[in-house]
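Two complexes come next, and they have one chain in common, subunit A, joined by subunit B in the first and subunit C in the second.
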Partner chain A sequence: MGKYIFRRVLYMIPILFGVTLVTFLLFNVAGGDPAAQAAGRYATPAQIQAMRVEMGLDKPMVVQYLNMVKQIFTLDWGRSWSSKQQISILIKEGVGPSLSLTIPAFILTLLISIPLALVMAYKRNSIFDKSLLVSCLALISISSVFYVLAGQYFISYKLGWFPIWGWDPTWEGRWDYVALPLLIMVILSIGGDILFFRTVFLEEMYQDYVRTARSKGLPERRVLFKHVLKNALIPIITLVVLEIPFLILGSLLLESYFGIPGLGNLIYRAIQESDFPVIKAMTIMSAVLYIVLQLVTDVLYALVDPKVRFE
Partner chain B sequence: MAQRILVLFALAAALASCTHRSRTPLNSIAYSLKSNVKSLDPAQAGDEYVNEVVPNIVEGLLQYHYLKRPLEVIPQLADGMPKVSKDGLTHTFKIKKGVRFQDSEVFPDGKGREVVAADFIYSWKRIADTRTKSDGFWIFDGKIKGINEWRDKLAKGTGKFEDPIEGLVAPDDHTLIVKLNKPYFQLYYVLTQAYAGVIPHEAVEKYGAEFLNHPVGTGPYKLDHWIRGNKVILSRNPNWHGETYPTEGEKGDLEAGLLADAGKPLPFVDQLIFYEIPEDQPRWLTMMKGAVDFSDLPKDNYDGAVEKDAKTLKPQLVKKGIRLFIAPNADIVYISMNQEDPILGKNVNLRRALALAYNTVPSLEKFYNNRGIVAQSPIPPGLDGYDPNFKNPWKEFNLEKAKEYLAKAGYPGGKGLPPIEYSTTSSSTSNQMAEYLEQQFAPLGIKIVVVANSWPQFTDRIRTKKSQIFGIAWRVDYPDPQNMFQLLYGPNSSPGPNNSNFNNPEFNKLYEESLTLPPGPARTKIYQKLRDIFVDQLPWIPTVHRLDYRILHSWVKNYKHNPIMHGDYKYMRVDVDNKREMKEKL
Partner chain C sequence: MKGKSLWSDARSRLRRDPIGMISFVVICGYLLVALLCATHLGFKGYNVVDNSIAYQEPSVVHWFGTDIFGRDVFDRAAHGTITSLTVGFFGAGLSVLIGTILGAVAGYFGGFADELITWFYTTIDTIPYILLVVAFSFVMGPSLTTLCLAIGLTSWIRHCRVVRAEFLKQRERDYVQAAAALGSGNLRRIFVHILPNTFHLILINFTLGFISAVKSEVILTYLGLGVKPGTPSWGAMISDARLELSRDVWWGLAAATIFMFFLVLAFTLFNDALRDALDPKLKSR
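Right, the complex of A and B next:
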């Protein structure tokens, strides 16, 4: 297993090289002249040039690229063009609020959707199954902006159950602000998750081993939870693990509409302000997270399924 | 599993049953900003959101009178207005005694020390130092004797920060002498800006680049805390030097209740809260719920809030005690035409044809909810030389005349004219504006090619003179149309602020002459001549001067719009009893 992980880590190097190179080239083409941006609206060519030297943009492209690679390893992303804030601090500050929203929403979604999907698969074609199926389809068909706007208007503004917008950095105070976006996030993801899990469970339920288990006279509860659920774990793990980077990156829409100062909000602002160092840091960070978590998924596969070998 | 789910549902229901209660003190003012506050360093005070917050923390030598219009500069930390030498080149400021910086850990005993003249020299040098990466150096650039030389030497490593600047001298702790290279009649205006605010060197030395999160100044409020991307909270500075509410204003101020607090000590409220709410709906709903005390009027909520006359609020808002304040902004939105472009630059009749074909009135409704007036020239309303009756002959929407001028330009029916490239940003509103422009020029047979860019790409194209035509806006930095005319001065061509690269010898000469004149009829006459050359040559199609629409709750008192600068919160008062009573009803 150690060898396998080592080999996978080696594979990551060319992928990361590709990601960083593409990101670097993309932002150098689309990023405009940051020195001119920083020098302000009255800047003369001499002042822009002085700023270019100050920002290290007069150096050859290779040196600039190597500086970016250094940033990745030192986790020092420099400062935002737009706000001059230190990007690593902005990221550090944003992780907590993002996770406060996404982790509870994610767990709650799984806790609701997995058992519901299992029951739906078990009672396939029943009224329960059909009505939930239709509800799930309806949930995923409606635009996420609708849930946000309607939730904020009716639940927060009209009923006054939650604050409309805001954030309290204290641990106990934040839940008041997180509650509504959390519920919306659950609604946003639950429909798709239930449909996905139901399909996975259905696929398993028609396998030979399930028929064998039933014919052995095992109680249905044991068949479902011991056998079907266990075998359905691989696709579930894939979904769960690959969603983790998105949990860390937060939700652009919800954070922005509800004033949660998380990473989603940070990315949203950076995009609006064409703040390329921040976008670059977030792009590379999410790519690295994604690659690392894919490795974690592969290792987990082997742990839950003896058929998968580290080869 | 089922039990756990039930517990979670119960928790959610329990949360839902608790009606939210605000934790904000009543004697406070909460304002919702449309964008984020990026920095609290006066050296980075380049945008209006930073300028909403920073002037409450950091003060300068001068400030604008809160009520008088046209805007009048009065002392802030200066002890009276400066003495000026006969040639207008030496300005001697006396600095108020006993003004102390806010208490801060940067001082040895935590107590703010007294402000001295050397602090101003330090703060202004910091703006000039390229390492600060301030976009505010333009306020002193080429104006103060020796400041450019000092800056260049420092950038090249041949000079030190401590080296003296000939034009900035502090003969004693409370005297500051500013020597200029040439007359600079805008000096007092720029000294009201946050860039020129005074900060203690101890704070910059302690926090370094992180000073932008730990501002220390002399202002009526100090930073309480800042949750980046969410809100900035300022609390009253107990050691403020103190000022009183103005006792006189302009005509109508007394009737408007703006002199009710005349002579009373400032500031009135204990806390200022700046919420950073970029989305329209939450900005609107927090206002409607009374969670913020005043706000702009979001575009999407305009129709539901304002009557068709565009002046009065709808009854449901009036019932809530909400009031609407409308005031012109000293700005202009325009379509710039690159004068170095071989087709547009040499053909004034073509530019006139384009201006005649562009119908501004429907665009006002479509893109601004009619919150603006049609611009005739670069001079915004309220500024020296602005004439409300002035009509630009090329601004009348007249397709027949436009066709005639297009033929005169050598392109009858648009024949032979290659497509014109319109550069814009890639936002949805910009795209709609580009479509509108295409529709306007289509009847002339003129084809527009839209090039959508990211903002940095867009500004790069302008700076490198690659754009043919593009839409852009400018808000003046001080109440003098010179700030608009410098956008048309030849030597300021791209990458300078003259983005149309207009270079007219007569205009340049008159502009230079205007710089040597103090405010008065002679200068106003020159400004009008500059306007006339602009109209004749038409390097831009001026489109709109925007109007500021602000909504306030009944309990907010003493609000008056300043077309140049915001951040005058020390004058605003809250009727706490009314706020308590009204908030219950919202």
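Right, the complex of A and C next:
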């Protein structure tokens, strides 16, 4: 087991190298002169040159690349071009608001979609199954921006149930602002989730162990809720774990529309202002998170299923 | 007795599937709308500016009202079909092309080529999709071409995985061994013998890619990375709706959403029908 984990950790190194390389190539090589971008539109050549020295862009490419890699381990991402604040502080401040939107929305979505999908699979091809199937397909065919705009217009602006925009940093005050984006986030993800879980459950139902359970004379209900659900847990857990980076990253769309000062909003503003260091930091940070969580899921698999270890 | 090929079998299955046929007709309808717009034979009001009738409510003359410049919203939404079909076709086409080539090479040759390509797509897969698209758009500057390239260059990974797995499986099959024994080279074995057997996967992934490309256009336009301002597109109409709604102008949002809804729904249902028709494993069920 220790050997497997060691091998799996070693495997992270080339991926990490790849991520930093792609990011570096995109922003420092192909993306034009970062110094000219940072200095602004009206900078003189001398100012740009000074900027270049300040940013370390006059050094060879290899040194620049190594500097970027160093940032990952020191967690010091430098400063934002637009607000001049420390990026590490901006990130730290953004995590809380993002998570207070995404975690409740994610849990609520799972709590609704898993039981519904299970019942749909149990009563497959019934009216209940078919009408829910059609509703889910309709839900995911509508643009996500529509839900945000329609929710803001009808529920906040016309009915006045929730504030349209804003944020309260205190724990008690923020739920007023979180409520509507949370609801919209559930609607955004529930259609796809139900369809996914239904497919997972249906696929399990054609496995041999299900036939065995049925032939033993177990009632369908028991087969489904005991055997199928247990085995379907693996794809479900994978989905949940790999969703974590996106929970931390927050929702770009919802946070920017509702003025929630989370990481999604940070990315949105960075895109609007071409704030390369912030985008670069967020790209690498989320990639590293994703790699680490993939490692965790793989190790968990190996613990559960000995076959994985010898592959 | 003559055996039925996969494709003729699939065609007859698809014909017997009413939902699949209806969605196919709807997709053809959109193609017709795009054609009428591109040739300026229909939906002519999309660029007729008349400030005196700005923001008119839906009426018999203007089915979905008019926008800030008095242009017909319904006609603009119809013209947005061109943008969406272009992004969908070229975005998904590029992604399927890259995915197929890399997947075929990795799966067929194995060894170092496989490891290199697997490393490459695992790396790209690790970076969040939206940030990758944003980075590409920054590098190339916003335009319709950028949109297609950004979507195509970032969304091929899923397809590449599928094709790679299929080639791994197929290269050991007897028919490929027989082709090798008859002296056909690697390229001939890949393109003439194995590739036609993975074509159903390419088709299914193309329609899936089409859907996500059309959806991505809206999000990217909202981020300011979409088509040039002034080009009719559903993404632009939906983005503009943010300001319009504060004046109770809802018809721009409605028109773009309805146009997009039926296109995406038709493609989703057609994809399902296609999968049912082409997947031999489902036949017995």
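Criterion: the second predicted complex is superposed on the first by the 279 of 311 C-alpha atoms of A that agree within 3 Å, B and C clash if a C-alpha of one lies under 4 Å from a C-alpha of the other, contacts with A are read in each partner's own complex, and residues count from 1 in each chain.
Basically, contacts are C-beta pairs under 8 Å (C-beta built on N, C-alpha and C of every residue); 3 or more make two chains touch, one makes a residue touch a chain.
Computed from a predicted structure; not experimentally measured.
Enquirer: In the overlay, answer first, second, both or neither for which of subunit B and subunit C A:43 touches.
Expert: The answer is first: A:43 touches subunit B but not subunit C.
Enquirer: State whether subunit B or subunit C is in contact with more residues of subunit A in the superposed arrangement.
Expert: Looking at subunit A, the partner in contact with more of its residues is B.
Enquirer: Taking the superposition as given, does A:153 touch the first partner, subunit B, the second, subunit C, both, or neither?
Expert: Both: A:153 reaches subunit B and subunit C.
Enquirer: Report for A:163: first if it touches subunit B alone, second if subunit C alone, otherwise both or neither.
Expert: Touch partner of A:163: subunit B, not subunit C.
Enquirer: For A:274, is the partner it touches subunit B (first), subunit C (second), both, or none of the two (neither)?
Expert: In the superposition, A:274 touches subunit B and subunit C alike.
Enquirer: In the overlay, answer first, second, both or neither for which of subunit B and subunit C A:291 touches.
Expert: Touch status of A:291: second partner only.
Enquirer: Would you check which partner chain A:171 touches, where first means subunit B only, second means subunit C only, and both and neither mean what they say?
Expert: After superposition on chain A, A:171 lies in contact with neither partner.
Enquirer: Can you list the residues of subunit A that meet both subunit B and subunit C?
Expert: 30-32, 149, 152-153, 157, 257, 272, 274, 276
Enquirer: Which residues of subunit B touch subunit A once you look at their complex with the stated criterion?
Expert: The touching residues are 1-2, 4-5, 8, 12, 15-20, 22-23, 36, 38-39, 41, 44, 46, 130-131, 133-138, 141, 155, 209-210, 212-213, 227-231, 275-279, 281-282, 285-286, 288-289, 291, 454-460, 463, 495-497.
Enquirer: Can you name the residues of subunit A that touch subunit B in the complex?
Expert: Going through subunit A, the ones touching subunit B are 30-34, 36-45, 47-48, 50-51, 53-55, 79-80, 82-86, 90, 93-94, 108, 111-112, 115, 149, 152-153, 155-157, 160-169, 175-176, 179, 183, 256-261, 265-266, 269, 272-274, 276.
Enquirer: Would you pull the subunit A residues touching subunit C in the complex into a rising list?
Expert: Result: residues 14-15, 18-19, 21-23, 26-27, 30-32, 137-138, 140-146, 149-150, 152-153, 157, 206, 245-246, 249, 252-253, 257, 267-268, 271-272, 274, 276, 279, 282-283, 286-287, 290-291 of subunit A touch subunit C.
Enquirer: Provide the residue numbers of subunit C that touch subunit A in the complex, in ascending order.
Expert: It comes out as residues 119-120, 122-124, 126-128, 130-132, 134-136, 138-139, 215, 218-219, 222-225, 234, 238-239, 241-242, 245-246, 250, 253, 256-257, 260-262, 264-265, 268-269, 285.
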